[in-house]
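Okay, so chain A shows up in both of these, paired with chain B first and chain C after.
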Partner chain A sequence: MVKEEQELANRPDNTAFTQQRLPAWQPMLSAGIVIPGFVIIGLAFIGIGVALFVTSHSIQVLELDYTGVENTEPCYRCSDPSSKNCVCTLEFSIDSLFEGPVFFYYGLTNYFQNYRKYGASRDDNQLSGDLDYFKSPGNDCAPYQYNSNNKPIVPCGAIANSMFNDTFKLYQIIRGSKKLVPFDGKGIAWWTDYNIKYRNPSVTPLKNAFNDTVKPLFWSKPAYELDPTDPANNGFINQDFLVWMRRAALPDFRKLYRRITEGDYAKGLPAGNYSLEIAYNYPVMSFDGRKKVVLSNVSWMGGKNEFLGIAYLVIGSLCVVMSIVMLIVYAKFKFPEED
Partner chain B sequence: MSSSSADKPSVIKARAGLFWLQKTETVQDEEVDGEYGLVINGHSLAFALEKDLQLELLRTASAHIGVGISGQEGMQAVLSSDFSFAQFRYLQRLLLVHGRWSYLRMCKFLQYFFYKNFTFTFVHFWYAFFCGFSAQTVYDEWFITLYNLMYTALPVLGLSIFDQDVNDRWSFQYPQLYTPGQLNQYFSKKAFVRCMMKSCYSSLILFFIPWAAMHDTVRDDGKDIADYQSFALLAQTCLLIVMSIQLSLDTHYWTAVNQFFVWGSLAGYFAITFTMYSNGMFLIFTSAFPFIGTARNSLNQPNVWLTIFLTSLLCILPVVAFRFILIQLRPTINDKVRHKMRKEALPAPTKPVRVKRISTRRSGYAFSHSQGYGDLVTSRKFLLKIPVRTRPALFTETDSPLAQNQPQHYRTITEEPEGSQSP
Partner chain C sequence: MYNICFTSMPILAYSLLEQHICIEVLLDNATLYREIAKNAVLRWGTFLYWTVLGVFHGLLFFFGVRFLFSNPALQDNGQVFGNWSYGTIVFTVLVFTVTLKLALDTRHWTWINHFVIWGSLAFYVFFSFFWGGIIWPFLRQQRLYFVFANMLSSVSAWLVIILLILLSLLPEILLVVFRKPRGPHARQKKMVQSSVGGHQSPRSSARPLLMRTFSDESNTVI
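Let's turn to the complex of A and B:
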């Protein structure tokens, strides 16, 4: 009797969980699911691909490389490293209305903003306005942390130090005279960057917060003079600064500079001759980089990107082809019912 | 699941007998020439048989699994074995059901685990060409931490605990399902290389499709989307979705727990990501969460989701097509049984037949300190003399007409005239 009780006590539970009898769905790759599935996916992909391709085709893009490599180019004399405060002018023409709103980007190639140590070289605490980090910037910023006199650099780090500083002015040439195309520089950076991630120290005037600090080595003006006319665009929340600090993923990238949405150009850039005046400050020749200016309009899928549309079309067609192949295989080689 | 030798066994039959040895032992019906050594009690049996078989047995006993029967003779076998149970008939269940499931689960787990980690790593290899070989990670550091820890841990755990290909009753019906385990088919060097190739392909898709889609593109309001943080978020979302779908394809037995683990992990990923990239976390731990705003600003873009959709399907559809075609062209025994399972009802469970035993007669011994009574045991002189007719079979045969071409033999202890046994 005792032994029986012992045996029963040792017996494992007879529940569905412990005996692995849980109710379950046991799907199988059957022809009824796979082949129609492929057909539907293929057709859906082709549909999406057509939409993407058509949209992408309707986006207009104009790229102008102004590095000045060849001596025939307008900015050749500016690309000389010894020239300072050089201004060069690029002439171009537009054939048909460039529909608005037009976005003005600057682009760089062979520029590795995604380099690991470069990307780590910043101090987010400093950039969110914490004055403690004005006195002692984080160690990740080295060697752009303190200058040779041991004064803290604000904003510290390699990303801030290498901020893009070319400026552009666009003129339309109407009957021989230049008409300035107005640029809109508000809200070109992400809302979260402008409002939350980057904050100026709450010291007025802003200049006082930067006492006993120095500007980054490559900058011509300190942070509190990035836009003296507009306090909402000065200091760390300067839109150009924010756009630059959002480092790119790939070595060829473009960053938003301005928008053309106002005045006579609200509908877009009309056809005609244009002249772009560039204050050429940023040196890229030393690492074989290139600078360019890109004019583009956007759509629901963003900027012009042929790849997505073509990829969807190709994959959709492949899916349909595969479904036909699988149908043939299934019809011919269906394995016999018997074991 | 012995895979010690690569030779195909010449006889693949489900055998359950009193003992079943590696070397040929002439038994009643025919020569046993199988791959398995199931040793009931290693030491006593080693003494029971001839000296030159001892080494073979001891090697077998220590190599793969040792199974012990606990009983009234003592617990010695139990203490030195991997599995032990009280009645010999449970051996069938141990091998054909649990052993088989265990092998299946282990192999699926390994394949999936290697796949997900190789893919994850190869993506970084491709990115190296585009980041100046600076070892910049494609993904957010928090994602890298939580990938194996949280996002893919529970689903694969669910797969490894609950997955079954066929029911236990079907496993009894078709002992041939045991064959892939014997032949080491599910995970071998070849399977590993195939897994690597699949990872390579997946990683190419998982990197280059986002690369091409994000190249020189912007948001629909003209702002930046090709920045490092958005690219990282896109790549990691694609990776996780592909891995979840791949696990879903691998899982053949979807219990409620599996469903919860898989969909819960995916939902957890989005929840954790949005939390980590929120304002609150940034304001509290500023330098730990630099990705603030990335999820909100990039995941509301249609082209990001279209890229994710394209990447996932491009990784998964070849797998689906390949598996489907393989099932049609070269169905394995597993596929056939599963196909049958969908059509037919469950076979009747094998009822355990009570064997009338008289306590004074024993059929097994466990002595290890001396030569033992091996000769006495194998001569079967002491067995009960009951006419064959009325003696019930120890194991019920479930020969269905469908299984005619693979007969299942179950040795029954029958009465034999003395002197016919040869060691």
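Let's turn to the complex of A and C:
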């Protein structure tokens, strides 16, 4: 009697879960599902691939390298490290209407913004306007944390210190005279960066918040003078600063500088001769980097990128080919059986 | 996060609830257990297959996104993606591929399997929005703020995610369709053959799965 009770006590419950009898669905991969499935996926991918390819082809891009490596290039004399406040001019021409809105990027090569130690070298508390961190920047910023006189650097860190400081002016040459192409510098950084993540300290005038701090070593003017004409673009919320602080993923990258959307150029850049005036300040020759300027228009898929279109076309055709192979296999083995 | 929250529950449910062969067949043919005796499935072949598949997936995810980023302006307002967006795209493709591969392997779908697999994916998306939507006071660097939501606002990012998931699961799908059967049906036919000694066409046990499915036999439990 006792033994039977002990056996009953150890018996597992007779529920669906413990007895592995839960109701279940088993997928049945029959030919009627697999082959049409592959065909549909293949055709859909080919359709998307064609749309991507055509869109990418219709995007116009103009790239101009202005590093000045060879002595025949206009910016050669500026690439000398000892030259200061050098201005050079690049002439180029456009054959047909460059449709608007036109986006003006600057690009750098061989520049590793994705290096770990470089990327960690910033203080987000400082950049959100917390004055406590103006006095004592975070340790991640070392060695760009305090200067030789032990004064805190604001904004600290290697990313802020290496901010890109070339400036550009674009002129169209009409009958020998230069006409300035107006640039729009609003909305080039992420909305959340500009409005939420980066905040100026709430001190007016802004200059007072920076008492007892020094500007980064590489900068020529402090953060509160980045754009004295527009307080919505000054200090930490300067759009160029925000664009620079968003680290690039690859060593060849481009960042948005301005947009050409206003005035006579709202429809785009008409065909003709243009002259780009560059205030060449940023030294890249020491690490074999290159600087360039990219003019591009943008579509629903972004900038010009042929990879996605080609990849979708290839995978789509592969799916269609495989479905044909499966159909042949089906025909070969199914029909002789029925005889 | 990855190991505990995004990918642990599906494999747990799979290991507890999966039935390649149904209970009745197992009770009839106890010799089927010999198939898995003495760690028979831990063979070099299986191990190498999984390792090569892992390497293939890794290369595909990384270089797929790397070629996409040859022009990092992926949004329709011309703005440029950064380092964290790159990593978020790769990570999203990774989590979805791993979970969907398990979904392909699962042949006995109970409600628990549905719940953990689709629930894990939904949790990943929800968590990414949640984590990137708030400025966390205890974090020194607000690296991922809004990165996930921004990534989803770009059509190119969506397209590359779908492409990479499908491409990485393609070998698995092909294998499922073309694989030689090791299932109960082959065993059953062999049993009948040896015991009865009668004429039984060996085709059904030797033909790959594709042809078995075409002859109205399923690839799953009977």
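Here are a few things to note about the model shown:
Following the convention adopted for this analysis, the second predicted complex is superposed on the first by the 318 of 339 C-alpha atoms of A that agree within 3 Å, B and C clash if a C-alpha of one lies under 4 Å from a C-alpha of the other, contacts with A are read in each partner's own complex, and residues count from 1 in each chain.
One rule holds in what follows: contacts are C-beta pairs under 8 Å (C-beta built on N, C-alpha and C of every residue); 3 or more make two chains touch, one makes a residue touch a chain.
Since this is a predicted model, take the numbers as computed values, not measurements.
In this overlay on chain A, chain B clashes with chain C.
Judged by the touch definition given at the top, the superposed model places A:Lys197 against both chain B and chain C. Residue contacts after overlaying the shared chain place A:Pro251 against chain B, while chain C stays out of touching range. In the superposed model, A:Val298 makes contact with both chain B and chain C.
Applying the stated contact rule after C-alpha superposition, one finds that A:Lys169 touches neither chain B nor chain C. Of the two partner chains placed around the shared chain by superposition, neither chain B nor chain C is touched by A:Lys178.
Once chain A of one complex is fitted onto chain A of the other, the partner contacts of A:Lys117 are limited to chain B, with no touch recorded for chain C.
Of the two partner chains placed around the shared chain by superposition, neither chain B nor chain C is touched by A:Arg290.
Clashing C-alpha atoms with chain C after superposition occur in a single stretch of chain B, namely 153-161 (options considered: 153-161, 351-359, 369-377 or 387-395).
Where the contact sets of chain A with chain B and with chain C meet, they give residues 20, 22-29, 31, 34, 41, 45, 48, 52, 101, 103, 105, 113-114, 119, 123-125, 128, 138, 188-190, 192, 196-197, 243, 246-250, 252-256, 259, 296, 298-305, 307-308, 311-312, 315, 322, 326, 329-330, 333-334. Across the interface of their complex, chain A is touched by residues 17, 19, 23, 64, 66-86, 107-112, 135, 139-142, 145-146, 150, 154-156, 159-160, 163, 166-167, 170, 174, 176-177, 207, 209-211, 213-216, 218-221 of chain C. On the chain A side of its complex with chain C, the touching residues are 20-31, 34, 41, 45, 48, 52, 101, 103, 105, 113-114, 119-120, 122-125, 128, 138, 140, 187-190, 192, 196-197, 243, 246-250, 252-256, 259, 296, 298-305, 307-308, 311-312, 315, 318, 322, 326, 329-330, 333-334, 337. For chain A in complex with chain B, the touching residues are 7, 20, 22-29, 31, 34, 37-38, 41, 45, 48, 52, 101, 103, 105, 107, 112-119, 123-125, 128, 130, 138, 188-193, 196-197, 243, 246-256, 259, 296, 298-305, 307-308, 311-312, 315, 319, 322, 325-326, 329-330, 333-335, 338-339.
Those residues of chain B that touch chain A in the shared complex are 86, 101, 130-132, 134-137, 162, 164, 168, 174, 209, 211-232, 252-258, 279, 282-283, 286-287, 290, 292-293, 296-297, 301-303, 306-307, 310, 313-314, 317, 320-321, 323-325, 327-329, 331, 335-342, 402-403, 405.
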